[in-house]
Amino acid sequence: MKVTLRLFGQLRELAECDEAEIEIKEGTKIGDLVWLVGERFPNMRQHLKVVSFSIDNDYASKETVLNEGNEVSLLPPISGG
Amino acid sequence: MKVTLRLFGQLRELAECDEAEIEIKEGTKIGDLVWLVGERFPNMRQHLKVVSFSIDNDYASKETVLNEGNEVSLLPPISGG
Amino acid sequence: MIELISEKISVDKILNNLEDHSTGAVVLFLGRVRDHANGRQVTRMAYEAYAEMAHKKMQEIEDEVKKRWPVQKIAMMHRTGELELGEVSVAIAVACPHRKEAFQACQFAIDTLKETVPIWKKEQFVDGEAWVEGTVPDSGITQ
Amino acid sequence: MIELISEKISVDKILNNLEDHSTGAVVLFLGRVRDHANGRQVTRMAYEAYAEMAHKKMQEIEDEVKKRWPVQKIAMMHRTGELELGEVSVAIAVACPHRKEAFQACQFAIDTLKETVPIWKKEQFVDGEAWVEGTVPDSGITQ
């Protein structure tokens, strides 16, 4: 099944895109996504240690199990204001 | 000798004037002024307990000895802002 | 910038005065005339200042603020005369490198203004008026 | 009022939005682009937001502020895109009956915005650019 990955800030720049589809297995947790993302975008790896996640416009814990069609965002440390 | 009394706020209203000359004896302290003012403006008496004083645009203690020509202000409790 | 004025206070003017490229944080406090006080309906407010001394005490607040915090710019304006409901009676703005200092400095400035600057206000009600019960000035800042 | 906008932030608009006759105290915080960071000269700043989520998190801050303090009105604006030095990147204003609450509520709002709202900034230098080292979001307010 597939989820849509949204990328912001430095991660968006490194990926050179702001969205990507990722193929995942049933039962994949958000926290596991970083491995798949790291494979797809190797130059992002060192930044994935401090990333936060969101599903449907709110923060989500690493333990959240992904569902088909979820929109998952990878959020680098924030610096607004 | 004489000092000039300046009045503000409620005291000004009660006195119906914003300035008055007061005749004082040599060695009079600011704190003693309230008695002279109370004689001159009897309707002010109940308000003179919580008054502050200033000489030459700054707060002055009750112990300050007045000099000829001083400009002394009687300040009711302040309520700016 | 320190001003005691009888015209409307211009926030634009204050913020223009605080323009500066080295300070990232601005905190502005505005005091406005409220429509009630102690359960009574207020219709207007009249402010009276001992102008020369108020100016001097506000200058002392500016000096003290700049001594205590890295405030690059500060503006303090107080209005006098008759004010309508909602109108701004006092405005204080500070610009600092960081926000924590800006909040502290601005709050100190308005707290101290209310304790030391000789200004008086009289509430106007539908059926009368009354001088607002005030604070005996804390002259500590100068002594 | 909550807005994420790419045009200049209008303080007038914010203060108009806060007009109210029942609240005597307004505290406004402005964050501006500074000309230096970590000893390096900054020439511009670019802001990027995850707009839908940023809006939602700002709404949560508004709700929390109103739960904790007697805030009658609050306005929060954050700008996105390319900003020049001195331009306002974020503005938060609150109106309360009394000033102490207004300062607390405004400071809480900007502190929480910086901890929870997904926005990123990139500093532009004379000779390059760099994403600002940020904070790992504290999602506590929502969980």
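The letters A, B, C and D name the chains in turn, as written, and every chain counts its residues from 1.
Note that in this section a residue touches a chain if its C-beta (ideal position, glycine included) is under 8 Å from a C-beta of that chain, and two chains touch if they have at least 3 such contacts.
From a predicted model like this one, the values you see are computed outputs, not experimental measurements.
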Discussion item. Once the contact rule is applied, which chains count as partners of both chain A and chain D?
Written reply: none
Worksheet item: In whole angstrom, how far does the Cα centroid of chain B sit from the Cα centroid of chain D?
Response: 49
Fill in: Length of the line joining the C-alpha centres of chain A and chain B, rounded to whole Å
74
Worksheet item: What whole-number Å value describes the gap between the mean CA coordinates of chain C and chain D?
Response: 24
Response to the item:
Listed in rising order, chain D residues that touch 2 or more other chains are 31, 110
Response to the item:
One finds touching chains in the pairs A-D, B-C, C-D
Practice prompt. Please give the residue numbers of chain A that touch chain D in the complex, ascending.
Written response: 6, 8-10, 12-13, 50, 52, 54, 57-59, 73, 75-81
Fill in: Of chain C, residues touching chain D in the complex
11-12, 15, 19-36, 85-86, 97, 99-100, 102-103, 106-107, 110
Worksheet item: What does chain C use to touch chain B in their complex?
Response: 31, 47-50, 52-54, 56, 78, 89-90, 110, 113-122, 131-137, 139, 142-143
